[in-house]
Amino acid sequence: MTAQGKLKVGVLGATGTVGQRFILQLSNHPEFELAVLGASASSAGRPYKEAVAGRWKQVHPIPDNVRDMPVTACEAENFKECTVVFSGLDSTPAGPIEAAFRAANLRVFSNAKNYRRDPLCPLVVPLVNPSHFDIIPHQQASMSPPLKQGYIITNANCSTTGVVVPLKALEDAFGPLDTVMVHTMQAISGSGYPGVSSMDILDNVVPYISGEEEKVEWETCKILGGLTDDKKAFDLHAASPLTVSAHCNRVPVIDGHLACISVRFAKQPAPSPEQVNEALRKYRCEAQELGCHSAPAQAITIHDEPDRPQPRLDREWQNGAGVNVGRVREDPVLDIKFISLVNNVMLGAATSSVLNAEIALKKGYLS
Amino acid sequence: MTAQGKLKVGVLGATGTVGQRFILQLSNHPEFELAVLGASASSAGRPYKEAVAGRWKQVHPIPDNVRDMPVTACEAENFKECTVVFSGLDSTPAGPIEAAFRAANLRVFSNAKNYRRDPLCPLVVPLVNPSHFDIIPHQQASMSPPLKQGYIITNANCSTTGVVVPLKALEDAFGPLDTVMVHTMQAISGSGYPGVSSMDILDNVVPYISGEEEKVEWETCKILGGLTDDKKAFDLHAASPLTVSAHCNRVPVIDGHLACISVRFAKQPAPSPEQVNEALRKYRCEAQELGCHSAPAQAITIHDEPDRPQPRLDREWQNGAGVNVGRVREDPVLDIKFISLVNNVMLGAATSSVLNAEIALKKGYLS
Amino acid sequence: MTAQGKLKVGVLGATGTVGQRFILQLSNHPEFELAVLGASASSAGRPYKEAVAGRWKQVHPIPDNVRDMPVTACEAENFKECTVVFSGLDSTPAGPIEAAFRAANLRVFSNAKNYRRDPLCPLVVPLVNPSHFDIIPHQQASMSPPLKQGYIITNANCSTTGVVVPLKALEDAFGPLDTVMVHTMQAISGSGYPGVSSMDILDNVVPYISGEEEKVEWETCKILGGLTDDKKAFDLHAASPLTVSAHCNRVPVIDGHLACISVRFAKQPAPSPEQVNEALRKYRCEAQELGCHSAPAQAITIHDEPDRPQPRLDREWQNGAGVNVGRVREDPVLDIKFISLVNNVMLGAATSSVLNAEIALKKGYLS
Amino acid sequence: MTAQGKLKVGVLGATGTVGQRFILQLSNHPEFELAVLGASASSAGRPYKEAVAGRWKQVHPIPDNVRDMPVTACEAENFKECTVVFSGLDSTPAGPIEAAFRAANLRVFSNAKNYRRDPLCPLVVPLVNPSHFDIIPHQQASMSPPLKQGYIITNANCSTTGVVVPLKALEDAFGPLDTVMVHTMQAISGSGYPGVSSMDILDNVVPYISGEEEKVEWETCKILGGLTDDKKAFDLHAASPLTVSAHCNRVPVIDGHLACISVRFAKQPAPSPEQVNEALRKYRCEAQELGCHSAPAQAITIHDEPDRPQPRLDREWQNGAGVNVGRVREDPVLDIKFISLVNNVMLGAATSSVLNAEIALKKGYLS
């Protein structure tokens, strides 16, 4: 803990796109103090501003208190004083590094995809299922040797995040969903930097994102499902089977994933559009009840104009920490259809990890 | 008929976006001779190049044989020598003008929406349902006084067009469809000029196009349905009810409407993705069999790459007269899902009207 | 004055693009209280949120304290309690309305172009020439009848603004300029809403903006020139003639005008790029010295990376109140060339008007 | 020579962006027969369609007669039957490979930058300076051992090309130029594939292209200058020194480089804008006089509309083989200013190489 009573935290992959977002979120956080920046071995020992030169692509400059921080290699030894380690690593290095950090009794909050499907690792969208933290003791006990502190928490794929928040609100209000059809129009920032070639996306749509549809279809069930009673496994929405179909597309938008969603409820008759709007507007999540610093005031903002939400106009609302919904109406095939917008680089990435750590703090999982 | 044996044709709304496309299609046509250009009264009497000054927004220059043609008012008297009149009018003037032209015994092939839902007017996508021309005698007989020559044929909304071509191929091969879910990502040119403000669409998606979803849902049933046995009405797919749900979005693409489509077949078990690909690839339509000039060699082009078709790369293929399909795969909710691309300013607009007229010629409806 | 000791201010053209920016700037200002919102007669009497419905195109929502404010007609009587009236009017209504407001002894700070070339009206870029306020007594005395309070202050065209700030810094450091060549690449927001059609600008550059080149060429001389000794006229840089040539282009960028600038100094030998960088970095303006609320901490930010400033990454820096400069280097033809970026909707528009009013307050021109 | 009397030609770098353009230009050429496709060793032996899979980014499909052609390694032995070898190689491999091909007595027409500044290699824009071919005998004689057939001809950087065509027309009509200022707005395709990241260019301008300004400034003098009397050296515009200053920018445009150009003539008084327009419109080049297949009917197309040429609307005119000019007007600083547009992937790249070879054929340099 620092002199100001803050908890020291570190960032893995600090020079990458997600790492840059972690730095902006954490450089002036009331509870966390950015203490260690990890990057590739080639950057180690250099000041951050040099390590990231030519790759800092944020609309805010590098925070003054970070510019000259030294970058270190992603080795657990260097992060031992960190209460939390945030991982913005690419998937190739993320697997072994995050495992090694956990084995060194470090708490890893990861944006990487590697452990999302792990049967011991929570996949937590902070506005939806922090209850999954309760598997942590079992995750720790299952390691060899068993761990006292270390664990891995993942957050969801950016496009899944914008889908599950309104779905959770609907399940809370109207019981389990039976069927979900999702059609995404995803921003280029979801692919990192340099990511999508301008030759591929200017005046164009790419109707394919490798592996994305499977992620949305699978992650939705893990997130919306609960834990088994013994808190040793995820039930994957088993009690009431949920079928999800996703079409994923890349569109020429900087930030903000838009999804067209159609749902059918298990319990009939289904609610009316007015009832759905009301339920979404009233939805409150545990992160709000706990008073977490990064939680949005309004989890789901309902837009009344027929052409909203739109990525460019609505993605920055509440600092990108909430979800925007509009056009709730009847679906001729399923029951209800609507539009959902999530800021993929905020709630869809770094904000989720940070908010998960804030929740973990409030719930006693950082002590 | 001209000295070269061509039929004289006219264009209504010649200075507008659709009218410009008609001019490009017709300025060098083997069967039709562009003889009369109609526009608003304020343009009447001026050479075309002046009437359209500042509004010609095509990548090809005004054809040399059109630049100095005089523009005339949209009055039937001025078009009396035209075997066919193509209408690119906006919907406000289209209603009364097209009715007046029909009453003057002129044959109107219209891209406007006004008569698409008319119980006497065919709504014809030339690659799908030219059989609907057979209602023409009844349309003529129903006028007061009955007409010998005049009639109105409409073509479909641009987004509907890209949807019904593959659906028709599927129904031909596997029997009626039961359910269709469509998500469109539509080009800005679909809204004409000036149309969509750049402030609304740059770095953005607008998840709403006024009236568009209803058009796709309704027009699909009219087009895929047949005529009643007496050829006096459209059956609207009545024998085997078809439910359609559409989400329509505007994206920053110049030309080319992309649709994500999921379908369920009435007859189970449903075909496999391989069978669907085969059926789409083999699909041939009447316009092809009749040898129509503007018909594409391949009605539906199947793309094998996982990320195709794409608007920018595939919209010009076959001069935009066919439909492009890709990513045929199983749908976890319905049976099959795939991507469809139509060039909204070609097959989705002027090409459909011109091809409808070519079919009408071959089938004897212009004599 | 309000209970909180703030000065009441009004906004003309409150529902337009510039008016919306004024509202965002003024809704939480330490010295000014937004008291009256003026718009067209058709909006008068309605709450602001309704009057602006469908046209509010900001990334921030309408401020809570403005949503329900009533809109009133742009008549001086309605604004009589306002110490300052900001005008975001279009040029057509701006001429007579602003004159009428001045005649009613109101102080008008206008973003409209109408009085920029007026020989009695200051054209003030707040980071450059607030000394021109000294013509106000002469402007008031020249009215019939002479005015005690009323006057009109204009701010510059958005593209001129980004040019004159660094030029002023250079003249302060190295004496008069002799020649300036400017090439602009201007954002679409400079044209308001709906403004530029997406069909004109997507995948395109429009190498022409009506009247813009003349504005840059003329306004630069008025702004960089001083007042005559009797403070009754603008000298238009007469003592040392300055020749300006501008090429103006519209590019597909939302906000942020970029200019490539080449200059020749009257005094030779010219300074080196290093000296120019130093002079630009050190430049401080009167708005800073006076401690104005909206003044940027750094008037001109120098970027060291070779590819900066860029509109998307740098336009929000300092809330868009400063100018960004990069790539200072020798010019083979003139002396020095560099890049300048201004946020056209902030310093290039509403921020200039507000900052001018803040300066006027500090200098005693609001009492 | 083939059975049809065509000359066999090869393409180096056939799977790259420029190579793909060569293939489209040559797959149906009346004089040249595409016989050998060279690419990296890893592609050698595979059919072209497989070697280029995932990288073919043209709006036309791979030509049918090329899809199954085998790709071979870029070794001179494999190209020995080729009368001409076109090089679309990247600069890293281009240096040694092109030298080796020349040494093997092959004629190389290269789009790479490596030999543009070579004192023995012509830098030929086909609409401007095919007279530079006359240095070929000296280039061949200077090799060790001297060559009978082999030589290297380069074409210019894409942005230089659009500049020198109108400048050449002006020098032909009004004598040498003294000063040229150029400001480019260059398309993303100029950077190849994947090239510019979409994160860098969407809603943005990048005011820097590495090395580009130097190329425009230097190449212009080599191209506009003549050969020395002995035809053994380039005079680089020495008789009448020409100073060029360039600002180069990347804009979000797919194809088409736009340049704002200001010029001063050595001979005063300078011509009027009308005289300049007339001279540009009348300009004819040797490629036209020789009747070359790929030469444009009109070398320079003058646009009368004040906002043209524009990249999206005018780049395809004459298949991108000519230059488009507009807005010719007086310049307050130099004499005349105007806008120039070149299709960077056509005349600015592959079309130049092909047209250079066509000229060489007509002038006897291929025998």
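Letters are used for the chains, namely A, B, C and D, taken in the order the chains are written, and counting of residues starts over at 1 for each.
Heads up, the rule we're going with is that a residue touches a chain if its C-beta (ideal position, glycine included) is under 8 Å from a C-beta of that chain, and two chains touch if they have at least 3 such contacts.
Predicted model, so just to flag it, every value in this text is computed and none were measured.
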Output for shared partners of subunit A and subunit D reads B, C
Can you tell me which chain lies farthest from subunit C, using the average of the Cα atoms as each chain's centre? B
So what's the Cα centroid distance for subunit B and subunit C, whole Å? 49
Could you work out how far the Cα centre of subunit A sits from that of subunit B, in whole Å? 43
For subunit A and subunit C, let me know how many angstrom lie between their CA-based centres, rounded off. 41
Flagged in subunit A as touching 2+ other chains are 57, 200, 202-203, 252, 254, 312-313
Any idea which subunit C residues touch subunit B in the complex? 57, 188-189, 193-203, 252, 254
Complex interface listing, subunit A residues touching subunit B: 179-181, 183, 185, 200, 202-208, 210, 217, 243-245, 247, 249, 251-254, 258, 260, 262, 306-313, 326-327, 331-334, 337, 339
List the residues on subunit B that touch subunit D in their complex, please. 53-54, 57-61, 202-203, 254, 305, 312-313, 316-317
